[in-house]
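Alright, structures below, take your time with them.
Two complexes, one shared chain (subunit A), two partners (subunit B, subunit C).
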Partner chain A sequence: MTTFLQIITNGLMLGGLFAIVAIGLTLIFGIVKVVNFAHGEFLMVGMFLTWMITTRMGLHPFASVILVVPAMFVLGALTQRLLIQPLMGAEDDHVQIFATVGLSTALMNLALLTYGADIANTPTFGLRAPIELGPVRILTGQLYIFLAAIALVIALQLFLKNSQTGRAIRAVAQHRVAAELMGVNVPRIYILSFGLGAACVGLAAVLIAPLYPTSSNIGTYFVLTAFVVVVLGGLGSIPGAFFGAMVIGIVDSAAGYYIGSGLREAVVFGLFLVILILRPSGLFGKRMTLSHLS
Partner chain B sequence: MSHSDISAGPDTSPGQAHSRRGAIALAGLLAALLVIPLVIDNAFVSHIFITICLFAALSTAWNIVGGFAGQMSLGHAMFYGIGAYVGMILFQIGISPWLGMFAGAAVAALVGMVISYPCFRLKGPFFTLASIAFLEVMRVLALQFTSVTGGATGMMIDLRLGWTWMVFRERWPSLLIVFGMLLITLAVAWAIRRSRLGFHLVATRERESAAKAAGVRTVRVRLIAVAISSALCAMLGTFHAMYLTFIEPAAMFSLVFSIQIAMFALIGGIGTVTGPLLGAVLLVPITEWARASLGSSALGLHGFVYGMVLIMFVLFMPNGIMSVIKRFITPKPPTDEPTTTETGPISAPAKAAEAPSPDRAGIGSDILRVEGLNKNFGGLAVTRDVNFTLREGEILGMIGPNGAGKTTVFNMISGFLAQDSGTVSLRGPDGQFHQPNNPADFAALGLGRTFQIVQPFAAMSVEENIMVGAFHRHHDEKNAREAARQTAWKMGLGPLLQAEARGLTIGGLKRLEVARVMAMEPRVLLLDEVMAGINQTDVRRAIDLMLSIRDGGVSIIAIEHVMQAVMSLSDRVIVLASGEVIAQGRPQDVVRDPQVIEAYLGKEFADAHA
Partner chain C sequence: MLTLKNIDAGYGPTTILQDVSLDVKAGEIVTIVGANGAGKTTTLRTIVGQILPRRGKITFQGEDITRLHAHDVVDRGIILVPEGRQLFPDMTVRENLQMGTYRKSARSDQESRLEEVLTLFPRVRERLDQNAASLSGGEQQMVAIARGMMAKPTLLMFDEPSLGLAPIIVSQVFDVVRQIAATGTTVLIVEQNVFTTLKVADRGYVLENGSIVLADTAPALLKNDHIRRAYLGI
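Entry: the complex of A and B
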């Protein structure tokens, strides 16, 4: 029983981790309608920034948030302005796919070029210390990630529902042309949204860096799961991404224990394919977001 | 997609010179790929040329699915890996890779078809994501099933040298083999591009519903493309495994490798036959040289270069090098013959046709029977118990206010929408009634349709658009082209044959819609508002055209709001309102029916008239 509880808890903690990475991805997809294949590399850039700030300045990794999040916002905004925006009018899917795939390849190898193949360990400042919660044990850092994911979901929902900018963003997400006719500056909303998505992954990077060793290919490790989570939760839905992440976290944790750690990836991706093909609006997709179906 | 290079037909005279020049350049390039390394005879140079040929061939094979069919796969390394592993495993038990390569091809083709089938309904980036996920699953499986694949440690071949084993001490035999495979792959891609299959693939890519209406079995043609593409990749994989003498899951099922394969096609020109070759020829030497000369001091440099090159091409040359080359070598049209954007008149004999009447001579027995057709969209009953028949040689007008369910009826009697209950029976050429249930089967029985909202294959020329229809009757490219041209001239599209469909006016697109379906030589023709938005002269011509089509023995159902046309064309008219047939009969009688007037103009108006 304790083992089972521990597996579920591990799953939820893993879910929090997947959620915080996936929220930015689903935000960008939901608004700009672009699948950002470079999302994992954004995370990697954020983690390297956290590592540099923490080691150079000797600060607590969480303190680097005040630099990392704005920096990532700028990176995201620039990506939208310089790479995605010129391609918005393209009739062919492949152009946007290749644009973000190219960015992903370039960023990953730039990191390899700059930092080499060695891994960079961000100082943990006690974040890897376990805490006991009744019969189960979790890492302090994991708990922070979980709580931050919940807070981020709530904050984004409030922002999108209640602020004037949030309303403009939702209008653009619903219908770009209609929003433009209502006087919304669509290109600016896109830049803002892409920046926001990247800022979210910046926050994720700050929280994750003390727990996971940073390397140039760390993005790939997280991003594929993030795609799974986003599809599972219903594309573009932020709460959906959160609950999707919980499901994937538990499946991952249980598969790792009961089937074997080597095959858990196959289980997760197998689940992804089944959902993508059978229920493309996602498990929690109430509104049918069928933009990806013919 | 905005690329198609089939417009240079073999019998257009400026195109001929153009394609001959292209062929010479291609032959020169291919010869250089073989001769340069043989002359220089240096191991490193040979290695680079082998790599060029390998990537060029893989990329050309990818292009059959990624370019022609428009399915952006980033999982193609999977098929290469399958070929490598099957070839390697068979090699270990003493079977020559020359045979193993075909075993691998068969396995890869099967795997490709099985995993692609459910993915075809995914669009754009989601197909891409699914292909990546499949690749990941494959890699994890290869890592796990250690007893078969050797797991993470990989597999090393026992050194058995010679042609039987495809393993050599020198480089040149490998070069010969991979060069031969490149030639075969290019030939296959070239043949597909010009064939009926190629047209069907591009048509499906451009506009799936219109392709279905033209009788294309969209799923089948894409499965064939996937099978061919994966089989070719697998054969190259077997070769490469023998060349490398060592394989491991991380290298064989690598996402980066998949991206590279697709990238060369993008850079050269997606959807063109020679684009992928050009991409590989230009890029492989640069990165291989950088990798060799800078070595570990510049870890990641070649990847960085690849990424930046991709971004630059996407931003500034999204259609690849081929599009630029084409712009340079395509001869400008002679100045004394200005390029026309005007459609010609529809050539139909204006004649005093027999007055339409339900009992006119020339009307035969029933050809289409619709019985008890019901359809609900959620709680909304779109059609309720719709019954009617169409007789051979008849023009049946279908009218009704907006939202009456006319187009829904069309969708059900052409196989695009499944009815909830009721039957649609169509008499085939064999004289028997059939109840087909999908667009391709309807088309096979001789039913053709147009769409109210025009659905051109945007990136294809007018001629190619019509050819897609003509391929329904003609299997040979030459005959299809000839048939398409005749239809185009008849429809007044002759001057625009080589124009891209996306540049046409709405009137031109309406004509193209009809021309495409006419090229199918249908026995039953469903026309959905083909007269909307065309000018008065053309309406008159279109009426004459429809009469001449009818006199050719074609039975027509026409949804039309242009009453002038409805009245003078229709032998009978049926009126739909709120999903029900409220009247049918002679046009003159139907328009006086109080129920019809009420449906169009409201109750008061009907009462006032009565």
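Entry: the complex of A and C
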């Protein structure tokens, strides 16, 4: 019984990790309708920034949030303004895919040039220490990630639901042309949304950096699961991504224990394909899009 | 108040509007009538900045607005109630109406304007917390008009507001148009329902194949032989 509880708890913690990486991706997709293939590299950039700030300034990694999140917002906003927006008039949507794939490769190579193939270890400040919650043990840092993921989902929902700008973002996601007729500056909303999505992954980077060694290809490691989570949750749905991440986290954790850790990924992606075939609109269908994004 | 001078406009390589000139004076109800595909929607979208004209000039309250983006045109007080309603489907009716107040000069006294609008459309009040997508076509049209009114327009433009509505609802819609105009809002309306529209309007333009072929006062157009044959079936 304790083992089972531990597996579920590990799954939930893993889910929190997947969720916090995926939220920014689904946000950008739901509003700008662009799949950001550079999302993993955004995470990598955020983790390097966290590592730099933490080591150079001797701060707690979490303190770097006040620099990393705004920096990532700017990176996202610039990506939209300088890369995606000029391509939005293009006849062929695929051009945008190539653009974000290109950006992904460019960022990865930039990191290789700057930091080499070395691994950057962010000081842990006790975040890798286990804590006991009743019969189960988890890493302190994992618990923070899980709680932050929940807080981020709630904060984004409140923002999108209750603020004038949040409403305008949803309006653009639902009917771009009509939003324009209400006086919404649509290109500006896209820039803001891309920035927000990147800021979310910046937050993820700050929380993840003390737990995982940072390298130029760390983004690839996380982003594949993030794509799975986003599709399972229903493209563009923030709560969907959260619950999708929990499902994948638990499956991953259970498969690792009962089937063997070598086969975890095979099980996760196998399940993903089965769900995709049975329910192409995601696990929760359209009704789960509480954010009313699309 | 609004003037179009020698406007050519279209989509991609095709030109739809050719040499369109028209004007709307403050306080008037002006209509543009024409057959399907004549270019009525294109005209309204050009005015509101969704289509950039190739030639000609559009002025509003003395200002050249020809090359302004749609959101800037809307900021000036020109509001379009578009063809096909274009509501935000996954927002509640209340949120749709709140979107109407997005432009800066519409943000004050929202509450009292909401009250006025809901008095005109009691059915919309009953549906406030429902998703827009779940409304009937007629209800959606009322919300689209109400949303336009929430924007506190100086010039309110309607693109076929009566399309697909039952006759009783159509007469309600025209009553509302009359009431909106009575409060001092200038109205430009495009309609298939030529007879009823000309009854409400002060003046009208007839658009055929992207060109204005006739312009006169509404009563004169109602008596015009060409109009009677081509649009009124008399």
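We adopt the following convention: the second predicted complex is superposed on the first by the 285 of 294 C-alpha atoms of A that agree within 3 Å, B and C clash if a C-alpha of one lies under 4 Å from a C-alpha of the other, contacts with A are read in each partner's own complex, and residues count from 1 in each chain.
Definition applied: contacts are C-beta pairs under 8 Å (C-beta built on N, C-alpha and C of every residue); 3 or more make two chains touch, one makes a residue touch a chain.
A quick note: this is a predicted structure, and the numbers were derived from the prediction, not measured.
Visitor: Would you check which partner chain A:L276 touches, where first means subunit B only, second means subunit C only, and both and neither mean what they say?
Guide: first
Visitor: More residues of subunit A are touched by which partner: subunit B or subunit C?
Guide: Greater contact footprint in residues on subunit A: B.
Visitor: Identify the partner contact of A:G89: answer first if only subunit B is touched, second if only subunit C is, both if each is, neither if none is.
Guide: neither
Visitor: Could you tell me if A:F98 is touching subunit B, subunit C, both of them or neither one (first, second, both, neither)?
Guide: first
Visitor: In the overlay, answer first, second, both or neither for which of subunit B and subunit C A:A168 touches.
Guide: second
Visitor: May I ask you to decide whether A:A106 touches subunit B, subunit C, both, or neither, giving the answer as first, second, both or neither?
Guide: first
Visitor: For subunit A, what residues appear in both contact lists, the one with subunit B and the one with subunit C?
Guide: Of subunit A, residues 292-294 contact subunit B in one complex and subunit C in the other.
Visitor: Please name which positions on subunit C make contact with subunit A in the complex.
Guide: Within the complex, subunit C touches subunit A at residues 48, 50, 69-71, 74-75, 79-80, 82, 86-91, 95, 98-100, 102-104, 147, 151.
Visitor: Going by the contact rule at the top, pick out the subunit A residues touching subunit C in the complex.
Guide: Residues 164, 167-168, 170-171, 174-175, 177-186, 289, 292-294 of subunit A touch subunit C in their complex.
Visitor: Applying the document's contact rule, which stretches of subunit B touch subunit A when the two form their complex?
Guide: Residue positions touching the partner: 1-2, 66, 70, 72, 74, 118-119, 121-126, 128-130, 132-134, 136-137, 140-141, 143-144, 208, 255-256, 259, 262-263, 266, 270, 298-304, 306-311, 313-315, 318, 458.
Visitor: Using the touch definition up top, name the residues of subunit A that touch subunit B in the complex.
Guide: 35, 37, 83, 86-87, 90-99, 101-113, 116-117, 216, 220, 224, 227-228, 231, 260, 262-263, 265-266, 269-270, 272-273, 276-277, 280, 292-294
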